[in-house]
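In the two complexes that follow, subunit A is the common piece, with subunit B as its partner first and subunit C second.
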Partner chain A sequence: MPDSVSAKKAAEEQPSLRRSVTPWGSFSWGYSDVGADIFVGLGLVLGAAAGASNVAFLFAGLVYVCVGLAYTELAAAYPVAGGGQYFVLRGLGDIFGFIAGWAVLLDFTIDIVLFAWSCIDYLSKLLPFLAFTAHPWTHFGVVFAVIAGLAWLNVIGVRESSAFNEIVSGLDIASETAILFFGFLFAFRPEILIHTMQSAWPTPFNLMNGVSLAIISFVGLESISQAAQETQRPASVIPRTSISLILTILIFALSYSNLALGLQPWTPIPPDAHGHAQALWHYLGNEDNNGAAVQVLASMIPYYGALAALYVPVLGAILLLISSNSGVFGSSRIAYAMSHTQLLPSLFKKVHPKFRTPAVSIVVFCSFAILELFFAALPSLSPFFKETYARLFRGEDGITFLGDLYAFGAATSYSFVFIALIALRLNDPESPRKFKMPFNIPFKYRGVRVEFPIVAVIGFAGIFSILIFTMLTHLIGRIAGPSWIILGLIAYLVYRKRKGLPVFGSQKHDWRSQQAQILKNAGELELMDEYIANVKASDRLRSGEPAP
Partner chain B sequence: MSLEIQPHLVGVLIALAILAATAATMYWMLHPPTTTAERAARETERDVEDIIGSVIVVFSAEIHSEHMMALAVRLAQRERAELLAAYVIEVPLTLPPDAVMEVEQRHALDVLATAEAIARQKSIEIRTETIKARQVAQGVLDLAKRRDAHLIVLGAYHEGKYSGAPLGRAIETIATSALCDVLIGVQGNRGKILTPYQHKPPKKTPDPEITY
Partner chain C sequence: MRRIVRSEGYARARLVTGSIFMLLGAVVIVRMAGSAGLQWSAAPGYVLGVAMILLGGFRFYEYRTARRGA
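The block that comes next holds the complex of A and B.
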């Protein structure tokens, strides 16, 4: 009976995600992730690239603009949850989809530790007993407790509300704009900037190191595309929110780095451990302050600094905690999505019977995060490991190690996203792209007019060079990053072989029906009509039929 | 170290540029292009804002509009409309038009008192009126014209299976002849205009073959 069939089909249909994310919600979803990066990245880059930190941020920022434009185009064209991993799966097939997703998972686990670590660093500016250098065991214990606590909250299904995210993002944008406005207005001296750049220009090695760390200030934009399935009118809203996020973060990163190099401090800078006077960039980039550089910089601004010193640690800590939580949530969500497409075992889509959350994924990836925490904290906890790290890894500190891996994961997944974008431009020209990366070369491919994206090639070259910089300049990152990918790939191949699935190839997907369904579910009915018309037209063109 | 602030022109210009760029970015982001559906929704919303100025809720011996009254009160509360509850007494042709009909008038007072109470619960001002007419429909149409109503709200009743106007002749006449919008609440299958939401599915009708 047709009625019973349709009723059965309806009963089998999964409930879809509610489209409740507004433009501001979509922006703050991304901002709460990427906005926290500058709180961590500024100190690390100043410590590595010294007087060329602004150049490092500029280079990474230009690459980030290309990455952002690629994500904007893809998220508007394919508004589904999954982000980069989905785009690569669709554009390049299962195995590359796995590698991209696995690299993103590495980033998410690092995200959990790095931001929890930095959150405590910011709080330590108000509560000195949490300071990393003075009390490493307390710092380690509290970061451990934060990660365990976030894992527990995510297992029982408690998350910060969207409204809370939106309020914190709004407050942070206002706060950062105020810091930069008053900083440049009251205390910026161009001659100090020029002098610092001339006197503290780094070696090429350190500049590459700085660039590879600067990219971590821009990681997280993909959160917008991961929320695409819940965004109202994604094809129209996502291009706006993505581009706004790109611009906002770029403005902040470039302004902070230039301010840090050209600020006339309002309060005296304490001497270094040897009693020597030190420049502001050096003070911000040392081990004591590199985890909380924005707060230290803000406190040096005349008048406004007194207020900023009080609230920036709290606001920064909240934003970093949200970002750390987005790592817990994001890793479990990506693993869940990868499990559904049989890129990961079905274990990762197991839902807790009581709390209805992907508890296994949460526990597994939080355990990875805790392992990374151990690895990062060991040199500060034991003199033996400090000596070993100094001998084997040029004495990289814990937070720099986390930054390396973060940059490695991001550069790997972004590289694949650029290639996937080019592949999708060639293989799926029918999907309407409400936003397209600029500068394209039109030509005919398999009888259909396609556009080759020049910016994607530039972006790929940029992000790939950052990946190379990361491998060249970071000894731990060089070993740990590729090891993560290789071990994951071996597990993937074994799993696919055991399940009788194509090992190196891809499963069959009906992308056309899926795309029409995606646009229908997104409420983009005009785009769905356009897509169906495009598909018919390109089929006609390929078969040589005349137009009706 | 000097504690005097000496802003540098370059710093001032960069500070202003940061402020302007951030504000412009936020403004641009929060004003995305609208879709056809959104434009249509906005136009409808504008039309509705224009029409909801004065609302008449109609009661009579056969028309029970208490649920619709409660809805109209909520509407009036949000849209700041003027609300009038009117009870129409149908005077038979055998009686003079201004005949005293004590039972009906008493009933009208009860109904209008309930309507007032509903409005009072939401702190909405309401006027009430009892009118006499030869036919309910004509009485309502005259009242709407006289009061320059923008919306007539009334509950429906079923007149009978073989009637040409299953929702009631009065309602059919009002709906087809009114010069303003008419909102009719049709009774649900449980005999009420608004039935409470049920989580359980409705009972399955038994098969004719096994019905005794």
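The block that comes next holds the complex of A and C.
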């Protein structure tokens, strides 16, 4: 007991993360991360999956719905910073928790670079001196400055960056809704959609490639669970914001892909390089336009297109910027959480005494992102590196390489999250779940009634198949992705051995005390009482004691 | 921003956008049904229409829940 008292006192003295994220803030953290993905993903998927792009988005979108439901349940039940890696740690043990967290860290650091890069690409449509092909050094310098600026913004506090996300997310949702409204009411032709799907159906390899790229458009929902420790009343707020977010993102992705295949363009489509007429989906997916496909598509919408062509590059750039910001936020929060559970060194849990943000984690992972930026930019900055990359990476450039890893990291961590959700349903039925994935099979496990989640099994099958598609269709991803995991695992094993912690096993965790404390800290006092009552009831059932 | 998000006007604006999504969802389903019927290639269109209607419905549900809470 004295130990727990001193631990409690120490915990009180330690600076902790501030609970300042509101329901709209929680939604916009998620939206800012996932919402921008379609700006990057649409053109890439059209280029790969052609007439089946909407099917690729549908498949990836349905998997994403399962992922979203899983995260919603887990984040509402365990509202702590760390998201997926915490759930896997708790459900499957330390080493799997590390692997899941390490994969997500890869994703978030890539997120910072990829979206900062794309943000400048969109801006270059209005400011040609920022164009990557014409002025690679300027482009590189501005992206570098953007990443450094976001790091500073996050160090000074979540409230400032959260307000920034909230305003831009609101503007973007209004804009995208307007584009869909005008597009579907005035230019969408179902007969063109059906004709395109039947005449431009891709090969199975290209369809798999398209699906693996389509999942990129749905990565980032976990931002909501990353921010759970800073969200007010998380068990109530997170399910509301998550469901809204899941539906909004699914609608935008399916709408854009269906519009791209079935739109009657308002303006004529320019002929291809050989002077031949081309379909809209082909025009959007070619090398010239796939980086800004949303803008090109929006410009072809009747009435509204002329206006959209002017502001969509700016709005796209801003949204991509906040997505990059979400990468900074997410990576620092995961590292903070992993450090608390001794999966990473204690350095990462240091909170800034004034701003109460995980400043060390922010600086370290932004530095990783800058390293990745160097890696992505080198071929364009120097002919020597261009030749070297062509030789070593079979002609794939740095950004393609980052995209491959982005899909790999997401599919790996989501696969573990589904398994962890099933394990937690069986091993921790006492934790109150204000939101549960639908379609469950009730049965008794170790004397206690539990519910087996069917949707988690479906989601796991879906995301695991996407992981296989990624490995089959991306030459570099299948080598570099597992290499990242293996290198991280080696560092983890060395750290755990030096600290005298279980290397392959797990530390002893008092999950029950921790869960009660988590709910108390979250202000969910009713749930805390419910949890304590459930624990007592379970113990009685397991020991065969009669109810009082 | 927070004052705007908590205002009655914002809640009503969400109802308007929710209604737009429901309308769009219905339009997509009806037009897909008219052109493609039960062909497999119409499936993404039907899913899109249903998702739009669900989002609109969810906004109405949230509005009602918030009103009851107030």
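Throughout what follows, the second predicted complex is superposed on the first by the 447 of 548 C-alpha atoms of A that agree within 3 Å, B and C clash if a C-alpha of one lies under 4 Å from a C-alpha of the other, contacts with A are read in each partner's own complex, and residues count from 1 in each chain.
We take it that a residue touches a chain if its C-beta (ideal position, glycine included) is under 8 Å from a C-beta of that chain, and two chains touch if they have at least 3 such contacts.
Remember, it's a predicted structure, so these values are computed and weren't measured experimentally.
Partners subunit B and subunit C, brought together by superposition on subunit A, clash.
Looking at the shared chain after the overlay, A:P302 reaches subunit B, while subunit C stays out of its contact range.
Looking at the shared chain after the overlay, A:F188 reaches both subunit B and subunit C.
Look at A:L489: by the touch rule set out above, it reaches neither subunit B nor subunit C.
In the superposed pair of complexes, A:S257 makes contact with subunit C only, with no contact to subunit B. Applying the stated contact rule after C-alpha superposition, one finds that A:R233 touches subunit B and leaves subunit C untouched. In the superposed model, A:E526 lies in contact with subunit B only, and not with subunit C.
In the superposition on chain A, contact is made by A:T241 with subunit B only, not with subunit C. Of the two partner chains placed by superposition, A:A200 touches none, neither subunit B nor subunit C. Residue contacts after overlaying the shared chain place A:I167 against subunit C, while subunit B stays out of touching range.
Overlap of the subunit B and subunit C interfaces on subunit A comprises residues 23-24, 177, 180-181, 184-185, 188, 190, 240, 243-244, 247-248, 251, 255, 258.
Put simply, subunit A touches subunit B in their complex at residues 23-24, 27, 173, 177, 180-190, 233, 236-237, 240-241, 243-244, 247-248, 251, 255, 258, 265-266, 268, 302-303, 525-526. Here subunit B touches subunit A in the complex through residues 1, 3, 5, 7-8, 10-12, 14-15, 18-19, 21-22, 25-26, 28-30, 32-33, 35-37, going by the rule given at the top.
Looking at the complex, you find that subunit A touches subunit C at residues 22-24, 54-55, 57-58, 61, 163, 166-167, 170, 174, 177, 180-181, 184-185, 188, 190-191, 193-194, 197-198, 240, 243-244, 247-248, 250-251, 254-255, 257-258. Remark: subunit C residues 1-2, 5, 17, 20-21, 24, 27-28, 31-32, 34-36, 39, 41-45, 47-48, 51-52, 54-55, 58-59, 62 touch subunit A in the complex.
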